[in-house]
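This structure is in structure tokens; I'll ask about it shortly.
The chains carry the letters A, B, C, D and E, assigned in the order they are written, with residues numbered from 1 in each.
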Amino acid sequence: MSKTDLLFYLSAFLFCSGLLIAVTKKNAIVVLMGIELMLNAANLNLVLFNFQKKGMDGQLFALFIIIVAVCEAAVGIAIILKTYHYYHTSVPDQISDLKEKN
Amino acid sequence: MIAAPEYSFSFWLTLSVLVIPLVASLSCFSIKQKIGWLAPLISSVLLLIASILAIVLFFQVSNSAEVSYSWVWFTLNQKEIAFSILLDSNTSIMILIVTVISFLVHLFSIGYMAEDQHQVRYFGMLGFFTFAMLGLVMSSNLLITFIFWELVGVSSYRLIAHYQEKESAIKAATKAFLLNKIGDLGFLIGLIIFWSWSGTLEIGDPNLLRIPAFWLTAAGVCIFIGVIGKSAQFPLFNWLPDAMEGPTPVSALIHAATMVAAGVFLLMRISNLFTEDVFMLIAITGSITTVAGAIGALFQFDIKKVLAYSTISQLGLMVMAMGAGAMQGGYFHLLHHAFFKAGLFLGAGAIIHAMHQNHQSNLDAQDIRNLGGLRKKLPVTFISFAICAAALAGIPFTSGFVSKELILTQMTTWAGNEISWRWIVMSSAWVVTLLTPIYTFRLIWFIFFSKPQHQHNVEEAPVIMRIPMIVLATGSLAILSSLSPIHISSAINLLQHSYPEINSKVSLASIVIIGIALAAAFYIFKNQEVKNQKLITPHFYLDVVSNYFMVLTLKLSEATKGGDKLIDSVIHGISYLQITFAHITGWADRYLVDGFVDGIAYSAKGVGAITRSLANGKIQSYLLWAMAGLVIFIVWILY
Amino acid sequence: MELKEQLTGISASIGYLLPELVLIGSLIISLLLGLILKKNKLTILYIFSAATYLLSFFLILQAWPHQPVSLFGGMMRLDDFSAFFKLLFFLGGFLTILISKQKEETSSEYIILIDAILLGACLLAMSMNFVMLILSLELISLPSYMLAGFAFDRKSAEGSLKYFLFGTVATACMIYGISLIYGLSSTLDFSSNQFIEALIDSKAPLLFVGSFLILAGLLFKIAAVPFHLWAPDVYESAPTPVVAFLSVVPKLAGLAIFTKMVLALNLFGQSVLPWSTIVSVIAIISILVGNLSALAQTNPKRMLAYSSIAQSGFLLIGLATMSMEGIHFMMFYAAIFLIMNFLVFAVLNQFENSISIQSVSNFAGLGRLSFFPAFALLLGMIALTGLPPTAGFTAKLLIFSSLWTSYQDTNSIVLLVLFGVGLINTVIALFYYLKIPYLLFLKEPAQELIPIKTSRSGNLFHLILVILLIWFFLIPGGLMGWINQITFVL
Amino acid sequence: MYLLSLLIFIPIGTALLALLIPSRLASSFRSIALGVSIVQVIILLLILSQYNYEGGFHLIEKIPWISIDLGSWGLLQAEYFVALDGLSLSMVALSVFILLIATISSWTIEKNRKGYFILLLILNGAIIGSFCALDFLLFYVFFEFMLLPMYFLIGIWGGVKREYASIKFFLYTLLGSILILIVIVALYISVKTPESSDRIVHTFNVLHMQDVNNLIPNSLLSLDSTKLLGSFSFRYWAFLLLFIGFIIKLPAVPFHTWLPDAHVEAPTPISVILAALLLKFGAYGLLRFAYPIFPDAAIHFSWFVGLIGLISIIYGALNALSSKDLKRLIAYSSVSHMGFVLLGIASATVEGITGAVYQMFSHGIISAMLFLIAGVLYDRTGDRMIGNYSGLASKMRNYSAFVLIAFFASMGLPGFAGFMGEVMIFFGAFQSSTVNGLIPTWMAITATLGLLLGAAYYLWTIQRMFYGPFSVKNVTSDLTDLDSREYIMLLPLALAALVFGVLPQLLLNYINPFASEFVNNLFQSGNVLTP
Amino acid sequence: MMQEVILYLFIGFSIVSVLVILLNRNVFYSALALLTCLISLSGIFGLLQAEFLAVTQLLIYAGGVLVLMIFGIMLTNRISGKSFESKSDNWIPGILVTGSLLAVLVIAFRNSPITATQNELATGNHTSKIGVELMSTYAAPFEISGLLLLVCLIGAALTASSFKKAKS
């Protein structure tokens, strides 16, 4: 199997495992990490596909995505801290006052 | 297209005869309660005027040919329905009878109802009834006829329920109305058939006959069902005895003289519309009714009930006559019956009134077993009652005899020589001829002759009540309708009918039969015991014939009683069935239909609960759900 | 392409972005003001920003783009479609400012964030390039996450966390999808011919997967099933004006880009994917889930959240028809939706200012004491249900007629199902839309009532919205005619 | 001389003005409402004086209202189009009359008069408007406009279970109107104005919709469209939807269960309006919209329609027989009577249609009277249970006289308006099998049972409540006879019932032309069955 | 050849580190594993001729994001009783969903025409190219990202410090 395929499978794996982390792990920050992983999977794709094409669109897009990731991380951490202030935990499942009551 | 009427003298006459009773009733209703005593006077006076006018009208008509007027009432689908009047000799004499008897009953009621609080309503309804009855007689449009037909029913309902605190009275009224209603539905369907096939309801209109034979028969049968209801024929006759709950004068007017006769009148009026089968049906129904009624009358102890059953029997006789094509006879008998039966009822009313006067209220004044020996105490009542009874029994020199002659003659000719079902019908006529004298005699004997159980110190009814009785009694003497007792030709030219020559054999036979009947009756009833217990007395068995006759009649009476019960129970059953079924439907309403709707609502809520349960507050499961949805979506689209 | 031309093109494009520039300016200024001004003078900020929104509103009207202009070398395109939506955004921002009431400490940031969201919405509506799309989307999302927490209490913190996590995952999916699409089309400009040529009748499954991953992000924005679960929690926890804002501006922005995206991916009907069916299915599920979940809901804001899920389903109907008219009607509906939604939330806000409303039962009997707000609420609810005499009825009528027509043309059964589901759900929706007016007028109050504070200005505000609703019912021709002018091509 | 618009908008305008009057002057509102009703009566008299007996539409007012550019589909056009023909005139006359009575009977309303009378006025305008409207959208708007006032009138001023009743009423009716809306949407898309050139102009104008030539070729509702959904063509489906939508309002079995609850809970004036006017919209809708627009479907389904009518007649009557609550009994009797209307319509003969319209009118009068009567008793005692009364006739003489009149009128006694309508319907239904072969004879014959049952339950009620020894359970207040206000309400109704029973031509002058035109159009407009 | 080996090495690293994040319970280890993962990814970028990107990745992620996260971990896990704990829940559905997603992706990729042909990018300084692109074609996104950063900064600052304000 060629290098491209391998790398694509890697990115797919990264994406899915990032998602899995985001869905399963019991710490908001680890969830955040999972999301970062997903973004990086996207980056890997972009660079990989860009590698076969002329123009730098893919790489530039990846660049912007890194910026976006940073912003998300910052905002995310801020929000997590705030929630932590109220709930004294960063376990998403324990932060569940808002729900359907019946 | 209907010609505009020319407003002649007789037109105004007709109109006033029709309207005056209405005016009377309206004026009664508009009277304040506290001057209620005015009501009887007003209405009686107005009725007097009306009946005088009716007499004038009668002679008008009988001199000139028949007159007819009609006004377009409304147009439906370009066809006109007219309020039309047809006056021929039959109609005019019926009008005469109705007005006169109504007047007399009014008169009687003044005395009879003197203590009643609701005189206003009573006389108002009487007036209204008279109006409706006259309309019914006059109109020659089936729809109009039907309308008045229903109106008389309503007024009868209201009058039966006059003693509205009495449960039994109300029940009787309701029963009467409902049974009538069944008949009326038949009538209505008949109308519908006629309209939708011929597009007209004018009785005279030839188009009525130009409809398919089947539908013509059907229409005839339906209308006859109406007659069955109204004039108490088998199987709808047992409202009439109950209707006796009403005031006695009412029974005299409505349930003896006029309303119940309306059916017979209608039969004659539209006899040209009937097919052979219908006639057959009519005849058979009549014969059954007449025998059943007679036997019923034989075993009643309530004076009014006896009269009621006899009315049924007589009506049956008339209907049978109509069915057998003995139109004139039947009609003639109808007129006579109006007189003598009204007379009988008034007499009964007088007796009851008298009994109520002496305050022995603990015993039932209507039970003939409690009566007796009133001959001396109430001479006038006795005489008039006796005359009317004689007429009912068909004893010579009375009107009843004459018309019964006529019927029997025509029946025998109709029955023909070779044996057929007609013979059965005819024979029933003879049976009635035999039975009628018996129960009549029984009545007279028990009331006036037999030794009284209790000492009554009663005195004669007031004059105002006596006059009508006397009038009616004289009316039911043969003189009025025929100058010679046996031969009645003179009566014929009075009512331009052409009667067949009386068959002297028949009259002879009938006289003989009546004689036998009277003898037997006297023989049976002369000793006291019969009065209190059952009819069969030991020495009765001697006479084989009578014995046989008695057994038979007993059986029959049981049968008829059973029949009565049966009919009653059937009707009750139906009503109960309806009510229970109605409850079931009500339940269905509450639980099935609504339940369905609610069910939908609940299921919607349930689904909602499921969808909402996704939002369990755990963000990661939200994500899981969302992604799962996405994946499912992708898979669905891809493969 | 020569660098020089590009630069000149860029400097030329600046001129077309006047409203956005004004917005950026106001953002900076309000930041400075927030630093300079004393804490109790900050009402000035609201007035100022409201003024700027109005200003940019009129700037758009004044420079109405009659033919589309491509900006920044195809990064964005300013056409009347996007201009229309930009008008709606600014209107929404304006109304939000009118009903907002923040604590002094936070109000400058509040306004900055709203500015940022509006800016992002405008750019999103115009963007023609995935990069642009992602950035402006983030420019909407991140401030929204933070705004959701602006009640500064336990609940709203949780709400914003959930919003954030959900949103970022959705965005990540979208980005991944874009990367896939990029791999196939080797361009990021989804309006370019290259994009279309590359993808036209390509049966590559990866394309489908990519498209769906992209949809994930957009569905999250417009809160449609299956990415709707965040809505109730956020709506419940966030301050009401913010909810009003979030339920309109980001949703409509998402709707605009969703439309563009779907049309782009539909490739003029050359696509292998049955986009009409897909959108219809999404719409059907959204309507059903939204309405049914709202049925037994007792918290008014959660209820409205579900209702807005259903509403986005109704909005999607117009797109599902895949016809110009359908999209016009969708835009009409969007305009009406903005009005009625703001009406409802404004009244709700007014109620909440004086009494604490945890459950609809708190409304019991209030209609007697304070008739006018109650009446306004009633009318808003009627409009949301889609009954006359409100513009909500007209909007639904038009939407459904477009649906019927496109069923006539392509008798695909899904559209008929959508038709039926939509209309039946109008009845279902009544159950809960009527719940609050029912309590307001029909119920006897449980406890002693205090008449709620009604400011004259607030009443005037409601009155204007009510009048608008009725006006557009009586005379929809003008607005609709104007929308009909809008002819956009990709 | 915009008489119709005046008739419609005077009440609505007054209501809007009355919003400004402070609630302190509560007593003024009822006099305002009364004044409006009286003005309406005057206007009605003017209209009658101008109206001549020819068929077709009179007093036409047509103003362009909504005109929306649908881009490539052409133009959406809705008009403010009101006019009167025999049908709508009789209905409008009825409405004005009944609304006057209802206003008088609202005199005793104490609770929040302002709101009550404003809602009443709005309802008034909406009712008359939807009877006059000839533009389907306009009709629908007025139709929906009736719902909310009704909802609140029942829900606020109603009885014990008022919330349940009002919600139920509202949802049922809304469901119906949604079904109607579906058809409206489908219709206006597939109908164009005859004068529309290459640019198609979609119209809501009912008269255009009734003309099959205006159907856009190969649209789903065009006569030649071969597309089927299930086993029916779309025209048939559309007819069925309209039919169900309207018989929910009628109401016919099995969509009738909202009626008893609504009636039992509603305050007297409101149940008067509900029974006398709102129920008529079911039949009115069938006669004005469903039948003329889809004649082929109407003829195809007429057997079914007749059957529904028959079932309603019998079923309603049986339920009335079983109900213990006076108002409930009357409500079910309404179901039964409106079943007659449905039967008459199904027969599609001139007699049947005439009878149906006549029955609508007479039922309007009589049911109003019945509900007023029930209300009188309820005002006295606050108890409607039949079983709790006996022998009222001896205590309340005049009252029971009116009861007797009303009951006999309602059970179809000749001489009252009810009888005329029913007998015409029977004529029509029976001869339908020979004239156009739509509904079989046995339906007509079975339907007569309705009369018998009617007599049964009314007489039984009289027997239980009014005759017999006087006794009243759990009632403290002594029963007083009618007061003058109640006379003013009841007497006109009784007289009307009598007059229209004795002089049917008064009304037939208006109905006859309508009926004959209706039947002609039904059969000439190019479809299969012809007599 | 050498490149190949390094590439496979990086791939291996990243996979392993991801697995570590998935499976271990200690947040710190997760953070470090993420770090290695990102570094190896940046290596891969480098091999794919995206040097600038690789560097950015190193700087921003390793330098910025990770530090941020570790701060976060410190701040959030200090007070709570059981620190550094992160056990995981709803594994099965999660694995189901993600696994199927992975399968879908793989299958989709297998029969999608993404050309595996190596057309080399024009050799030369990609970094400068990127710079030019940023200034020309991607000017608008560049500006906007700046704005985005600003807004996020303000918002985050407020959010993170809001509870103090809320108290005051």
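Just so it is clear, contacts are C-beta pairs under 8 Å (C-beta built on N, C-alpha and C of every residue); 3 or more make two chains touch, one makes a residue touch a chain.
Everything numeric here is computed off the predicted structure, so don't read it as measured data.
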item	value
Each chain counted as touching chain A and chain D at once	B, C
Required steps from chain B to chain D (each step between touching chains, minimum)	1
Chain of greatest Cα-centre distance to chain C	B
Leading chain pair when contacts are tallied as C-beta pairs	A-E
Chain whose Cα centroid lies at the greatest distance from that of chain A	B
Chain centre separation in whole Å, for chain C relative to chain A (CA means)	26
Distance from the mean Cα position of chain E to that of chain B, given in whole angstrom	105
CA centroid of chain D to CA centroid of chain E, Å	71
Cα-centroid distance, chain A relative to chain B, in whole angstrom	98
Chain C residues counted as touching two or more neighbouring chains	131, 135, 138, 142, 146, 149, 153, 160-162, 165, 169, 173, 183, 205, 208-209, 232-233, 296, 431
Residues of chain B touching at least two other chains	609, 612, 615, 617, 619-620, 623-624, 627-628, 634, 638
Chain E, residues touching no fewer than two other chains	89-90, 94, 97-98, 101, 104-105, 108-109, 114, 138, 141, 145, 148, 152, 155-156, 159, 162-163
Pairs of chains satisfying the touch condition	A-B, A-C, A-E, B-C, B-D, B-E, C-D, C-E
Residue numbers on chain A that touch chain C, as the complex places them	11, 15, 18-19, 22, 28, 31-32, 35, 38-39, 41-43, 45-46, 48-49, 52-53, 57-58, 60-61, 64-65, 68, 71-72, 75-76, 78-80, 82-83, 85-87, 92, 95-102
Contacting residues of chain B [partner chain E, same complex]	620-621, 624, 627-628, 631, 634-635, 638
Complex contacts: residues of chain D adjacent to chain B	254, 257, 260, 315, 318-323, 349-351, 354, 391, 393-394, 397, 408, 413-415, 419, 423-424, 426-427, 430-431, 434-435, 444-445, 448-449, 451-453, 455-456, 459-460, 463, 466-470, 503-505, 508, 512, 515-516
Parts of chain E lying in touch with chain C, wherever the complex brings them together	104-105, 107-109, 111-114, 132, 136-141, 144-145, 147-148, 151-152, 154-156, 158-159, 162-163, 165-166, 168
Residues of chain E that touch chain A when the two form their complex	4, 7, 11, 14-15, 18-19, 21-22, 27, 30-31, 34, 37-38, 41, 44-45, 48-50, 52-53, 56-57, 60-61, 64-65, 68-69, 71-73, 75-77, 79-80, 85-91, 94-95, 97-99, 101-102, 105-106, 109, 114-119, 121-122, 126, 129-130, 133-134, 138, 141, 145, 148-149, 152-153, 155-157, 159-160, 162-163
